[in-house]
């Protein structure tokens, strides 16, 4: 190993504590970064990404939360002071469930909560309800992903902490929220808040730059959920700084 | 926080490095501890358990490997010098797979490999084959669980690193491998090695003490896979020391 | 084969036509019989059961619908004149989906609709929404099962034809709806209708005789969904006649 | 309804009996038609397809088996005299399994067996083993699909009635078995028979005409498994007659 310290070593020099992220409630408007299972967000790269997010949050005062790769959750949550979320959690009680992730272990890992029902990891409705209720009892936050207005209303009945909507008009088409019919995001936010006025609503598609973030916020969203735009960027910090500029 | 250091702090004082476990091939005979999703193996307790396993391995020279809770894999693997295994891994390439665990992330986490197809987390046969082949190409070890002789022979055709057999006569009945018909374990080992002479065979049921370990080894097993007997013990170190005594 | 005709032969003497059940909308109050995968409801026994249900419906004027075993759906729907429902349908379009059941095939089979999200066959929320919407476009009816008030409200947002609620207080405990706190069923019905006034609500637990049916109807339910009480009865016709007596 | 009889009415005029297909063991070489969930194979069209297959089998003496849509299995099996297979079966005992298909109901439906582990419906290895063993005890035939040589050998250890291999070189590429390197099919057959000499091997990819069938048989296959080539053909009978010509 060379003389240069790795990102992890630099961070851990400052001390490491399980649960550093616990209780670090996210405030809005917020940018939530889903690191998925990308090659660009695991191991050493995952640390660099976490460090960059922490830096940008510190430097700009913006609210940034990250969802590290599942096997690295406790490690990343131990070394950064921004809120960390699990990417997924299973609807099981602690016990004989080899390879499953309980809300209790997510909490002990120092995470602030979990993504739930991501489009790449859909859940049964009974399990979503179980997770939302159980998480609330553990002071963990749930960000539940939904695919259209009908499902968003249904999930709102379950009273999660936040709903991340992916309006179908913004997915796949590569359309930006700042360019399309403003009614799309506006209606989704309105419908969700009609069912649960306290629900936070994140815009989960069509966001790649600060202009999109500004447009989403202007249309009523409390923040954005994004992934590859930052994780796969040549210069993630520059992209993140641009995104953050849209929060103000 | 009090003056007493937590288990994690004590360990990390000695330095922390991702991938501490990489390359730490397991040697046989071996005791593999599946920590499952028990309340007794998460967070601070998970560290204490890892530390105990490391101590016993250091003190006795026995080969002990552990499977920490999934979200704590990278953290635990960073702080102990015994081989760590994921409890489960998904049959996907790095990419857009929110909440899934790739073999690449398991490797970057510093793990030596993964349990596969545990009875609480059964996999499709095509996925087992994918995982075994991909793991081998990444120098990761696979311990595939099986439920009877027929399935054990089938899995042996896929050439995993190890097969952990749970002879049906030993599960649920609470029977100990040291008390039942010796033919049960003997035949399973024989059948697996007939298909793949190089496969390591672990006895995955009926083991709670050193006498059972000794019996399993005598009947041809290369080690044992166990869980609650240690994790839920009042004195895990004492139980582990007893188990280890059966290796000699 | 002996001289005595089987139940199927007797029925088919009167003519067989695919789609006999199509358009046979269920009217309320209704008794829906889920035949599950019981040994007592397959093959020849399934026909006898269907015949009995048809007889009782004809003789008493009661609304009775049945959910035959999945592989027998088209056959049973061809020979009885009471509404038949699939026990499950998959959220896929017609195409390359080996072994999956489309709504289109359920319709062509002559069924009136499908059970959705039964407690033994839970579905992802996005799939429930897809099935409800697609079924409506095909004039098929959806009876969506739910496990508590929160999930019932969520499903009501998706506007299915009917919701079959299984109040947790009535499951497992063996409690009868006619004996417990009337508030349990009353509240569930009220909450569902608050979200979707047009939704039909079936009581899906705690019903084994006419008295229970009467109690469920009195508390606001539009009918009942039951299974083993009829299917496994020594004299299914007698049980069914008793149940029907509770509808009036 | 017009004066012209539908395909179903024509067939059923000749009498209908559950279980017509029971005991109708398939003989080799055989053509197995997987009707999937295509729009072109459901309802009335499913009957016409079944009738065409029966006609071609009767006229040419060829062995043809069909896998009707799941909800139509019992109905189709009641009206044709060629072997019918379920497209999928669940690894459960008769009982409280709403919407699942048991081997017992497949048998009562008059089917000769079931496809297992189709690439569109992969199963857990423990479930494949359960289904193969249970089916054999019920005199039902299992045709297990596999995706490469390693998985084929693994499945062969479980001793199914037949293995339908889809050599990766023949899938997706649109390559015909009659045009590619003969070693591909030859090796697969050889490897499977090495593990289980009695296993029937079907070629499950790269077959669209009689020449391909002839090539597959010449390379050691006992038959072919195909789908869209027949089901979606403008003239299914002509395609089938061409395919059958390759059997001789």
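In this document, chain identifiers A, B, C and D correspond to the written order of the chains, with residue numbering beginning at 1 in each.
Assume a residue touches a chain if its C-beta (ideal position, glycine included) is under 8 Å from a C-beta of that chain, and two chains touch if they have at least 3 such contacts.
It should be emphasised that the depicted structure is a prediction, and the values quoted were computed from it without experimental measurement.
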item: Chain pair repeating C-D, as identified from B-D, A-B or A-C when over half of the contact pairs by residue number coincide; value: A-B
item: Whole-Å gap between the CA centroids of subunit B and subunit D; value: 40
item: Distance from the mean Cα position of subunit B to that of subunit A, given in whole angstrom; value: 32
item: Distance between chain centroids, defined by C-alpha means - subunit B, subunit C (Å); value: 46
item: Shared-contact residues (touching 2 or more other chains) in subunit C; value: 119
item: Chain contact graph, described as a line, ring, star, complete graph or other shape; value: ring
item: Touching residues (chain side subunit D, partner subunit B) in the complex; value: 117, 119, 122-129, 133, 147-148, 150-151, 153-159, 195
item: Residue ranges of subunit B in contact with subunit A within the complex; value: 6, 8-9, 12, 16-19, 34, 36-39, 42-44, 46-47, 67, 69-76, 78, 86-88, 92, 94-102, 104-106, 108-109, 111, 115, 118-121, 227-228
